[in-house]
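Per-chain residue numbering starts at 1, and chain names A, B, C and D are given in the order in which the chains are listed.
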Amino acid sequence: MTPFSLDAPAVRAAIMKATTDLEVATGQLSALDAAIGDGDMGLSIANGCRAIREELPPESADIAALLSEAGLIFSEKAGATIGALVGTALIRAGKSVRSKTTIGLPDLATMLLAAEQGIAERGKAQAGDKTLLDALIPARLALEMAIARGTTVDGAVEAMLTAAHGGVTNTAEMVAKFGRGRYLGERSRGHEDAGATAVYLLLASLATRAE
Amino acid sequence: MKKIINDPARFVDDTIEGILLAHPDWLSPAGNNRSLIRKSGVPKGQVGIATGGGSGHLPVFLGYVGEGLAHGVAVGNAFASPSARQMLAVTRGVNAGAGVLHLFGNYQGDSLHFEMAAEMAESDGIRVVAVKASDDIASAPPAEWQSRRGVAGIFFAYKLAGARAAEGADLDAVAETAHYAVANTRTLGVALDACTLPEIGHPNFSFADDEMEIGMGIHGEPGLERRTLMRAEDLAATLVDRILADLPFANGDEVAVLVNGLGSTPVEELYILYRSVAPLLAERGIAVHRTYIGEYATSLDMVGASVSVLKLDADSRRLLDAPARSPFFQQSGAGR
Amino acid sequence: MKKIINDPARFVDDTIEGILLAHPDWLSPAGNNRSLIRKSGVPKGQVGIATGGGSGHLPVFLGYVGEGLAHGVAVGNAFASPSARQMLAVTRGVNAGAGVLHLFGNYQGDSLHFEMAAEMAESDGIRVVAVKASDDIASAPPAEWQSRRGVAGIFFAYKLAGARAAEGADLDAVAETAHYAVANTRTLGVALDACTLPEIGHPNFSFADDEMEIGMGIHGEPGLERRTLMRAEDLAATLVDRILADLPFANGDEVAVLVNGLGSTPVEELYILYRSVAPLLAERGIAVHRTYIGEYATSLDMVGASVSVLKLDADSRRLLDAPARSPFFQQSGAGR
Amino acid sequence: MTPFSLDAPAVRAAIMKATTDLEVATGQLSALDAAIGDGDMGLSIANGCRAIREELPPESADIAALLSEAGLIFSEKAGATIGALVGTALIRAGKSVRSKTTIGLPDLATMLLAAEQGIAERGKAQAGDKTLLDALIPARLALEMAIARGTTVDGAVEAMLTAAHGGVTNTAEMVAKFGRGRYLGERSRGHEDAGATAVYLLLASLATRAE
């Protein structure tokens, strides 16, 4: 088993794969968003993903620049809440690994934390508000814990995914405090959050590459 | 899905191309067709009004760029916020040295992107003030009116703030007028049937044959209650009662009333609704200064209507009566 | 049936009551609410233009009573001709000593009643000339164009004849202008889904989910062909090809184009259609002087659109560009 | 069996009954009109009939005035083609028996002829054009023939009705030359005409009174 390490072309390839995988989930994500929101999230993400694949500069040795550019493109082409939040997250994740030429597992944790903070700053939500953060925070925490324990790469990635999935499941018990779901109040309970699901799918896509 | 379209993914771009072809003297792209500026421009030293939001609501948002109205617009996908990059291009395009009002509906996607754009514009040295329409009384209790969704009542904010900007007022004054409009407008609507997003291809939710939903949002957001279809008279009473209690409007007030169609409701029915709105206002001593009846803010092919009431004072009455002109809305100064 | 109405039998009267309440300065009843005359009246010695027809087509017919447009209107039940008695009341009401133009759509019911009214008016000493819109190319071959149905293109007849009457021309001249408009306008439409008459309560005919009908009439009269839904580009080509071949329009012509929504089709889609109409005209060297895009003649909640093309000459261009104003249609003189 | 003779109150009663019977047929007539026209005829007739019942002056010894007034009301309240044509027919039928205080079977034939001429003059249609006339003309001819033959009242009325019914049946073979049906051309074949059916129902209603 090789130690986890991605250079710029590998990051680029991971972005290409993740955007493809997420676009495949358009219907699933829109259906989740429709249950307590307006049903556009799958399409927004698909638009953003397609644009990244089409517009991301082909050659780049700079991981931070790749992620920043992907964030700008996504925020522009996805639009909507998800565009601003994921766009901000990608830009912040890029900034957090500025000047690195390869990223290892601890860098992934750093990037997830930066993404989390960017989303919280822009969107004002906290853990438990039934948002992206409710998949992202447990995933990041599980990854940090696995790294601290010296778990294998496979084990750490699996722990991260399991935590993200658990986070998605937990959102079903939450009442939405942000986004369109909040208009539903108590009625938003019983539905898993679309944004959190997208975070899980994104991490799962990255994981099949990372293994 | 029964629509006159080409590729569903081109719905918005094809619409804009058609608009630019049909009205060649009206709008110029700022960068691309999704960021549009009034061709007549913003006179030097005048406050620019930038708006924007998701597509599928014509005349909102693009249709309210015009003389005596807004100056530029960022156009998003159907029901989806445009991007910060687009809004920044519009903000730059309508800045004539006196700063820019960001006037848009209170939705999180739009707010996040407009905030990003405002931050960027401010680092260019452009002063930006944001005012959000939040007139939909179905979406939060009165104490939290500023967290409500913006719906058809944004029309009054365009009309008043646009007239104020045209008078040459400074940014704070224009923003104050916009704020007056959003703080003094209350809207409540009803949906009788859902709409279909071109890229989705089927309605996002369904109604029984005899069902309506009071207060449903313009993107299908849940409203106050589902109930069996009501007679227009009873519906008018339900809407007017809740609207008047909300601000509250009082005996002796003068108002403007907008009865808006959501897309597939014939204008005949809007007048049938107004027929019952008018006496309810009169009964409570509320005088109607002006009415607007038609499609002012739609939701694609949604079936339904909304009623908006704006409380007037001397300033706002003058601004409401001022002339305005775009291919989607025209008002000459005189008459009603 | 999902409509905002009270008693279906009161659909028309409730609509008119709502209109009179909403626009109190606009129309006066001549006898009763089904015969309406412009409040600003007909200046002494000016030709009066009387129109009328079935309800359910707003802005047609009532919405085209206004400054620079028609002077009075007889309002029938939904899709049904008004009576001779109503038309006589309107004819008398708009006669200012210079005679009256009867301008209406070429439907037998309307024609029979307008003829009865004209006979009666003439025995009062009022001179009447009738001009019927017959622009729907789907309804008869070119040689029999005068037996065609009148559809959205009647808008151009109101606009031109109304402007000519406002200029003070005599009855023969106003009738000649109206005749110019109807002889030089061609319309072809498409229906994607049926409409529901309030008193019937369900659609009169049905469409498959992927079906459209080219040339269907505004009351659901049969058209040229049923076919599977087309892309907007192909639909535009079908409509434009047939329209241009019919008059025929020629290289170097200048035209006005009206893209009309039938009731439930979002205006976004009308622009998507126009996006493909414009280059087809340009390709054949036909210049577009002015466009009108929106709901100009509806069929309750029918889904669909029509394209009308008016061939212009110097006179008709001047008359088209003249200002006009009603609560349903406003045009200031300048700009496009 | 009494000889056929109606005074003004009897004519008034017959009008009341016929308008009621026709209003009951609203759905049937609209469906026929919908098949090759616009589907409004049943409603137009119902509106006209209801208005006659509500507005016809209660006391009148003048049969011609009764029919004239009914015609004016009908033409106004029915609107549409049917309003103008039936309105004209009633006014002309009234004129044809001006000054009579009772009407017998020959007067009925006179009235039908006058109605027929009024309709033809106003609408320009001829026998065979798939209109009202295609029930009215055979009915009137059969009545005239029965009278000429000295048939009993019952027999004459029955002959008139049979002819009207046959006329309606024949309209199914005809191509509409007038009204909205004409836009269908050949496709209007195979459907019985709505207006002719209304004429038959009217005569049938009068007949059950006349017997």
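As a convention for this text, a contact is a pair of C-beta atoms (placed from the backbone, for glycine too) under 8 Å apart; a residue touches a chain by one contact, two chains touch by 3 or more.
In this text, all values refer to a predicted model and were calculated from it rather than measured experimentally.
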{"item": "Chain centre separation (chain B, chain C; CA means) in Å", "value": "29"}
{"item": "Centroid spacing, where centroids are CA-atom means, of chain A and chain B in whole angstrom", "value": "33"}
{"item": "CA centroid of chain A to CA centroid of chain D, Å", "value": "77"}
{"item": "Sequence positions of chain A contacting 2 or more other chains", "value": "none"}
{"item": "Residue numbers of chain B (touch at least two other chains)", "value": "none"}
{"item": "Chain contact graph, described as a line, ring, star, complete graph or other shape", "value": "line"}
{"item": "Touching chain combinations (by label order)", "value": "A-B, B-C, C-D"}
{"item": "Chain C residues touching chain D - in the complex, by the definition given at the top", "value": "54, 76-86, 107-109, 112-113, 115-116, 139-140, 149, 197, 199-200, 204-205, 217, 219-222"}
{"item": "Chain C residues touching chain B - in the complex, by the definition given at the top", "value": "2-6, 11, 14-19, 21-26, 55-56, 58-59, 190, 192-193, 207, 209, 212, 229, 231-233, 235, 259, 263-275, 278, 291, 293-295, 298, 300-301, 303-305, 325, 327-328, 330-332, 335-336"}
{"item": "Chain C-facing residues of chain D, complex", "value": "30, 34, 37-40, 43-44, 47, 72, 75-85, 88, 122-123, 178-180, 183-184, 187"}
